[in-house]
Amino acid sequence: MEDSILKIENLCAYYGNEQILKDINLSFPRNKVTAVMGPSGCGKTTLIRCINRMHELVSGARVSGKVFLDKEDVYSMHPIVVRRKIGMVFQKPNPFPTMNIYDNVIAGYKLNGIKISKEEQDRIVVESLKKAALWDEVKDFLYRKGTFLSGGQQQRLCIARALAMKPEVLLLDEPTSALDPKATSRIEELIGELKKDVTIILVTHNIAQAARVSDYTAFLYLGELVEFGPSERIFSVPQDKRTEEYLTGKYG
Amino acid sequence: MQGDKVSVRIFGDKAFKLFIIFLSFVAVLPLFLVLGYIIKNGIASVNWQFLINLPKPVGEAGGGISNALVGTGILMLLSCVFSVPLGILAGIYLSEHRRGKLSYLTRLCVEVLQGVPSIVIGIVAYLWVVLPMRTFSAFSGGVALSIMMLPVVVRTTEETLKLVPNALREASLALGVPYHRTILKVILPAGMSGIVSGILLSLTRIAGETAPLLFTAFGSSFMNLNIFKPMSALPLLIFNYATSPYPEWHSIAWGASFVLVVFVLVLNLITKLVVRKWKTQF
Amino acid sequence: MGIDYKETTDKSLKKISSSELIFRRVLYISAFILVVLVGAVFFSLLVSSFPSLKKLGIRFLFGKTWDPVKGEFGAFSFLVGTLLTSFLALLISLPFSLSISIFLGEYFSRGFFSSFLKSAVEILAGIPSVIYGFWGLFILVPVVRAFEIKLGIMPYGVGIFTASLVLSIMIIPYSATIGREVIQLVPSELKEAAFSLGATKFEVIRKVVLPYARSGILAGILLSLGRALGETMAVTMVIGNANILPDSIFSPSNTMASVIANEFAEATETLHLSSLIEVGLLLFIVTTIVNIIGRQIVKKVSIEV
């Protein structure tokens, strides 16, 4: 197996008394796109929220196990550091409404009080917007508020914002489920490009999308990791019956 | 027979509608009566001199309301100083902690405070500030007015922040921004227009309050900028002059009422404009 | 890779953690201060009432004579004055505020008339009390005086009746607004069911809307009552300031709020001051109870609906 950047060991996640994730063991290969799939309620969103330690922010949430980012356990690091190294893009685009596009991209630095020169800021903004395939569309409107952008453009803005922090891993939580097909395919193209710089973990309920975009796929069912492997194999010859049933649409 | 019954019902229906319309308009008739008389009687007294001059003793012409205008302004500022920071912070706490003993207790206390008659708050400010200082003062008036403003600021802050979508907060936290910075730099700015409008609205209420000032700021016939001494205020002046036996003072009271009403209405309008222009789109 | 990590040294992380802690503490303390504040208000009033509480005891509540010169402080007349003016005001305002609620809730919920009435009600609520009092004193009092002459009774002009009139105008906006909101919350399915059975609008309002909105309207009434009980300036200016038990609705009198407004600034003697503060304490307790009950009902209604 290729060099893995993220290794999950015996991860269990709870919400009060309910156990959402049951003893997950999983490795994510560096600079590849790994899809995390499964029916609703299988725990895929909880899984990635445990990776960047967002899960524990909800009251009553509990986590046990280890998540190694480059050999260091995320749960022994300061959560702030973790979240700066691992970026996240959410299902519904959420640019900051009080900031213009420029400030949105650089928000991670500004809000954290990280001081960098104006030239450096400009460089980061341009680079991030280019990587998110949004530069050409907004370069003349950098100082307008982001709310006039379309859904797809807003989502690419959120991707740019996450990329500006130069994360090692980018978590995408169903990033295209709120978007129209055209915007969706643009972002899927983007994902293929981005993996050169950053490892991508993509949560999706869209089987076709996972098949199109990902190199590896993990299939989760009722909080358990059922199967993991190269996407080509998973989609053509799934080894577990549950995976097969999901892929053939037995449950949604 | 059936036909008669139906036509009676239809008649009753129409009569009721007319009755409702009639009563509703009669209900707001006093508004026009009050405003009408204030404009009629007040506008004659209001001129540039009126606004700039100090009050003069009875019998002397040319008395004005300048010290009352300044006093009201100072009192409004003072009431913000105490109530705004504390109110916003408490409002943030309440919006962040939906459940919990302290939240429940705080919300209850805010409700209680909102319902306390303004004159009782005046008594409290008297006991807490005027007695120890041994003098009436604008400062004590400011304390009384702050206590009145506080519940409104807390409520508005809590309600505005509750409306800020959780997605914003998650976006910020996911960037590694610490909690306190998320609240102060993302959530609070997003709710600013609502909070500011709440503050402005309570200021318009404060501007017209008389009872809490009766034995705190107390009033004065001099121009006074020292907040630790008694100070005049527009509503106080109106009260004192209106209940006096002198017709010249009555005219001044009408003029002052005109100024006060215009001020309150304008401030109300400004608040609405601020909300419309500043409102954050989510 | 990643951000220049000299920004996230242990030292800066420690600073972040301590800032977080301070922030959370400050928020907690702010909420706590609010609670303490209300407690302090109550206790200040209580403690400062001790002299008269001790000396007069229950005579305070039931005594009819309030004479600072003689040192007798019976607040019964003020209690009666307050209750009379408030309930009379409530009675007078009820049909009007209910009409406005129905007007805005059922007949004209949108459009020009709706905005007009809504703004008018808003402005009514925003006019300072002292201005209502001023207007009442100079415009309403002569009218009432003429009316009293017609009736053949003492033409004071000022008194309980006049004060109730002014008060009723002032409290209309409160019950009108809440009433409108509750009426608009009535589910349209219920109304449509009645209409489809052939009921007229009047009947739907009478038999479906009002019963459904009953508790909300009651809450609005309670909140108006709370407001009326504590209203000071307008009442002071038109009630006549007589420390006597009213014998008719046209007699001059005083309310708990107005007697404080009148006498507090000049009260020098301890027992007088303390008695006035005790009146304030009483006012505080009564208005708090009424307001809490009103708001509890509003909450219940909002949750149910």
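General remarks:
For reference, chains read A, B and C in written order, and residue numbers begin at 1 within each chain.
Operating definition for what follows: a contact is a pair of C-beta atoms (placed from the backbone, for glycine too) under 8 Å apart; a residue touches a chain by one contact, two chains touch by 3 or more.
Since this is a predicted model, take the numbers as computed values, not measurements.
When each chain is reduced to the average of its Cα atoms, A sits farthest from subunit B. When the C-beta pairs in contact are tallied for B-C and for A-C, the bigger tally goes to B-C. The most central chain, judged by the distance from its Cα centroid to the centroid of all protein Cα atoms shown, is B. Computed from the mean C-alpha positions, the centre of subunit A lies at a distance of 48 Å from the centre of subunit B. Per-chain CA centroids place subunit B at a distance of 15 Å from subunit C.
Between the Cα centres of subunit A and subunit C there is a gap of 54 Å. Within subunit A, contacts with two or more other chains are made by residues 80-81, 84, 112, 165.
In subunit B, the residues that touch at least two other chains are 178.
Each of the following residues of subunit C touches two or more other chains: 16. Within the complex formed with subunit B, the residues of subunit A that make contact are 52, 54, 57, 80-84, 87-88, 90, 92, 94-98, 107-108, 111-113, 147, 158, 161-162, 165. Residues 1-3, 7-8, 13, 16-17 of subunit C are the ones touching subunit A in the complex. Within the complex, the subunit B residues that touch subunit A are 165, 167-168, 170-178, 181-182, 185-186, 189-190, 192, 280-282.
Across the complex, subunit C is touched by residues 9-10, 12-13, 16-17, 19-21, 23-24, 26-28, 30-31, 33-35, 37-38, 86, 89-90, 92-94, 96, 102-103, 105-106, 108-124, 126-128, 147, 150, 154, 178-180, 183-184, 204-205, 207-211, 214-215, 218, 235, 238-239, 242-243, 250, 253-254, 257, 260-261, 264-265, 268 of subunit B. Residue ranges on subunit C touching subunit B, taken from their complex, read 16, 19-20, 22-24, 26-28, 30-35, 37-39, 41, 44-45, 48, 95-97, 99-100, 102-103, 107, 117, 120-124, 126-135, 137-139, 169, 172, 176, 200-203, 205, 226, 229-233, 237, 257, 260-261, 264-265, 276-277, 280, 283-284, 287-288, 290-292, 295.
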